[in-house]
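Every chain is named by a letter (A, B, C and D) in the order it is written, and numbering of its residues begins at 1.
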Amino acid sequence: MTIFRQRRELMRELGFGSKSYQNAVRFFNKDGTVNVKRTGLGFWENVDIYHWLIAVPRWKLFSFIIVGYITVNFLFAGLYFCIGPENFGGIDQSGAFNQFINLFFFSSQTITTLGYGHVYPKSNAAGVATAIESLLGLLSFAITTGVLFGRFSRPKADLLYSKNILIAPYQEITGLMFRVTNKKQYELIESEVSVAMTMKNPETNTRDFLNLNLEISKINYLALCWTIVHPIDESSPLYQLSLKDLEERDMEILILIKAINDTISQSVYSRFSYKAGDFVMDAKFKPLPQEATRNGKLKVAVNEIHLFDLLKKV
Amino acid sequence: MTIFRQRRELMRELGFGSKSYQNAVRFFNKDGTVNVKRTGLGFWENVDIYHWLIAVPRWKLFSFIIVGYITVNFLFAGLYFCIGPENFGGIDQSGAFNQFINLFFFSSQTITTLGYGHVYPKSNAAGVATAIESLLGLLSFAITTGVLFGRFSRPKADLLYSKNILIAPYQEITGLMFRVTNKKQYELIESEVSVAMTMKNPETNTRDFLNLNLEISKINYLALCWTIVHPIDESSPLYQLSLKDLEERDMEILILIKAINDTISQSVYSRFSYKAGDFVMDAKFKPLPQEATRNGKLKVAVNEIHLFDLLKKV
Amino acid sequence: MTIFRQRRELMRELGFGSKSYQNAVRFFNKDGTVNVKRTGLGFWENVDIYHWLIAVPRWKLFSFIIVGYITVNFLFAGLYFCIGPENFGGIDQSGAFNQFINLFFFSSQTITTLGYGHVYPKSNAAGVATAIESLLGLLSFAITTGVLFGRFSRPKADLLYSKNILIAPYQEITGLMFRVTNKKQYELIESEVSVAMTMKNPETNTRDFLNLNLEISKINYLALCWTIVHPIDESSPLYQLSLKDLEERDMEILILIKAINDTISQSVYSRFSYKAGDFVMDAKFKPLPQEATRNGKLKVAVNEIHLFDLLKKV
Amino acid sequence: MTIFRQRRELMRELGFGSKSYQNAVRFFNKDGTVNVKRTGLGFWENVDIYHWLIAVPRWKLFSFIIVGYITVNFLFAGLYFCIGPENFGGIDQSGAFNQFINLFFFSSQTITTLGYGHVYPKSNAAGVATAIESLLGLLSFAITTGVLFGRFSRPKADLLYSKNILIAPYQEITGLMFRVTNKKQYELIESEVSVAMTMKNPETNTRDFLNLNLEISKINYLALCWTIVHPIDESSPLYQLSLKDLEERDMEILILIKAINDTISQSVYSRFSYKAGDFVMDAKFKPLPQEATRNGKLKVAVNEIHLFDLLKKV
């Protein structure tokens, strides 16, 4: 049958096999990333250190830098201590501990290329070690510059999705609706959305992956708020399914939005996912309140994107 | 009716709802950005500091850097003063003010990793503080490098639009016309334009958003000057509207041009908007004067892009 | 004949002429790059130093930096020695060798802008030489920063391809199949594949280049594992060819995959090639084992992508 | 007439008006850039300094850096001299000239953040001036880093075009042909070409701009050598024109090639132009010699791309 073939094709187009059903495993995380752990590869084969560094939370990166800075200085202080504190001019020679501390500070002045010079290398071994440390400092600093630039220049979209996804009468039929808005001050243009769905197939006990048709899938601006609508007509895989069906079949919705970030002229991507529990039946989103500010701007309360009204059953 | 349906779809495609009409609020700024203020979000949720830093005017950025430099040095001078000036060798110890000034300069020599060394940390507390300041200096410098690079490598188009948008007989019908040229010495290739319009719908008191058809919407080069024409035929929303109608309906035109900047091989975007007051009826643009320079170049006076002739009414 | 015309066109579309057959020369390397050496150009015309620096293995780059650092310091130490060690204050003046070593370390402290200052330039010639070396140091460091950033921010896909390419009954016909998965922790979206083939034409003794049709050539996610299938129907150039034919005709398959790296929002490309010896007849890939981890993730053993079962001949 | 309309449309699509004919002015430079000088704008409106810095020849950039370095040091030496050499410790105080030279070197040690410290600021005025110079040094260095990175990471294609463009019998009709190859060691994939033409219209004395149809306009790889063919059939604007006609009409051909640079995964553009004098009638390109190297590579002599054979007139 045509419908069946089409579904199979759609399923394949999502890049998952059909045998992937695992009870109690959410397929997509809330942020739309795939909830998969790859095994059977070495650490370095699996992890790309640059991608880790630019995606890791800020506090982790700075902790990493500070701990690294202390550790490297500690190691070089140790090396200088092994070379012998007497090879360094200007050092407080009163006791090993003091010497070590002095060498620790000397190391920090070397790796940052600060080089006050009140402490300085006297012997050849000390000269070689400081020449190495200062080069290492420059290279680390070059890498840090690159990572920090990579982080904040990284193209990203910061979108706010409505907490719930609603099913309600829409024009003559029924529609599946959610809303999305841009949280940031920069503008997004040429936005495109694609919505996919996964649910357990009760007949085959496999997980099916399907694309959902959308009323409008591309807009020129993401200026105020965009309501994305999937019409639940006969060709929709959601046709005549109840909330209970969705629960039982472990329904997950995955959203992928692509747009152009106007400030940096680059493509950005945003993903999000809804689970069966996020569905609300017979509800309509409240219009987003808009008013003029005193200096002639249109004020939009984006945090009210989540609000909806339950419709009275007829 | 088909036309109506099509208009609704176009409206949606611009990413605005239809309920967004606010009297006396201009929707697009002159530079084509959306005149919207997003509320209901925390400051950090709304503002992306990197995007601010690369889009802010140059003098603001440099003021920000200089004020930051002075402030940080002031804070570290204070910290060093609290630690005690006697912990620093080579300092002019005559009076607290002199000491503070000396420590301020010492701080500037530390944060820039200059490190003359005529002043230097003697105690452990001083050693720790300077080790921190030099690291902070390097990190700030890494960020500054990234921001400056992000600013000047930011893909952008610097286009000049004619001050007015003209309505005049065009071939057998009437056309809406404006001109655009590239102000910079670098070249733009594969240029595409889309033109949208918003006006108040007098029947529903909502603001409608519509795309305008263009005679040519893509050209290979933006070498000299591009006259963009919207034919005002029966399918045009401007059909049979007078200048007075446009005024009353708060007409706004929004232009989005995408091109490839040939020097950096990247997509660039330019936006612009016209209001009802920028329209001129029955006028034609003057041809742009072109002549050969002595060394065999074609000279084009781009600043004459705004000039037009009023047509005599027949 | 239509088929023939179509084949010629496809051939041309790959950018090779038809006269390029050379026995015993593999056309594509295992990693999908073209096995071509361009001659008749000067070194600088052929080599782009930046592209070399960002594509060279890591250990080569770091060897290059270290050797360069030592060489430049050696040269400047020589220059300083020629200028005369007596022009530098703070130098150990006991013998030429000691002086040279001292100047070598001084050079390293100058090029890194460390500048302890226990050695310093006294004469004008020494002042000029150190001013040059410190500028050179900054410029080299600027270039190093750029190269390191260019290296690790370089958009790339790290895909794992199945070792073999299988021919097996597929639905009602026969299919050519291979599998591919993403090795890294970052995600790839909007993946597209194109598969080309080259083999010797026994009639004309030329090398033909043809594109192969694929069942599905675009998927939304490359989440788990993607099995790419070329149906060997009557329109396929592989129709009714045996393994022996493929061997004799020096068959090579070239795969080009394009995807979006989700972390950096950029297009990435991966290439791979199979030779006739990589073909296995009448075999099917084993399903990739998937299980839930304790913290609710779907665990996939990607290294089992190569496994297949031989089908019993009927 | 349809043909005429189509030509007008094509003409417009190139972004030139039709009134732009100037005798003796070449429209495109040999490298395919437009031979236009924009006037009527201020210098800063027309010139983008970053685009200038990344496109300027290497020796100009380095001259610019060196002259800037000397000038800034000269200015700061002057400032320090005005402040008074007695405000700086460690300076050779024997005569104004010696003092100035000493301050010049001190400035270079400050702006590079080298800071030996054998010369150091003693007074507050000296402290302020050095604090400013070291900040200026860091900012200049940040900008230099960005410019150098922008230069060498700039996506570019380095293609070699055949010196001549040939007209010869091609299949059953006549074709216009030229060849192009990649000079660099990196690979270009997904190459696309578009060819435009401009010539004087003898009837209207205007310059017409037209696109030329191509037999194949997109190839997967630019591995060896690509022969681009425009069939001169009845729909071609070159149909039945002689070499003399082309000369008289100031014929210019403009080529734009877009490809993906595989090493950096970015789009690159190349342009080139031919004039009437570059045409050769009744000639065919020689096949590019290919042979296997000892280590099993296919060797291609790219510099023989220009060679062709004249065909005997029948």
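A few notes on this one:
Following the convention adopted for this analysis, a contact is a pair of C-beta atoms (placed from the backbone, for glycine too) under 8 Å apart; a residue touches a chain by one contact, two chains touch by 3 or more.
The shown structure was predicted, so the numbers you read here are calculated from the model rather than taken from an experiment.
Note: the chain lying farthest from chain D is A, by mean C-alpha position. Comparing the chain pairs B-C and C-D, the larger number of C-beta pairs in contact belongs to C-D.
For the pair chain A and chain C, the fraction of shared interface numbers is less than half, so the two copies use mostly different residues to meet.
The equivalent interface to B-D, defined as the listed pair sharing over half of its contact pairs by residue number with it, is A-B out of A-B, A-D or B-C.
Relative orientation of chain A and chain B, expressed as the C-alpha superposition rotation angle, is 90° to the nearest 5. With centres defined as mean CA coordinates, chain D is found 26 Å away from chain C.
Each chain gets one centre point, the mean of its Cα atoms, and the points for chain B and chain C are 37 Å apart. Taken residue by residue, chain B touches two or more other chains at 113-117, 141, 145, 149, 266, whereas all remaining positions touch fewer.
On the side of chain A, the complex with chain D involves touching residues 113, 115-117, 145. Within the complex, the chain A residues that touch chain C are 9, 12-17, 19-20, 22-27, 33-41, 45-52, 54-55, 89, 110, 113-117, 120-121, 124, 127-128, 130-131, 134-135, 137-139, 141-143, 145-147, 149-150, 154-156, 194, 196, 211, 256, 266-269, 271. Chain C meets chain A in the complex at residues 65-66, 69, 73, 101-102, 104-105, 108-109, 112-118, 141, 144-145, 148-149, 152-153, 158, 181-187, 189, 191, 215-216, 218-227, 260, 262-266, 287-288, 290-293, 296-304.
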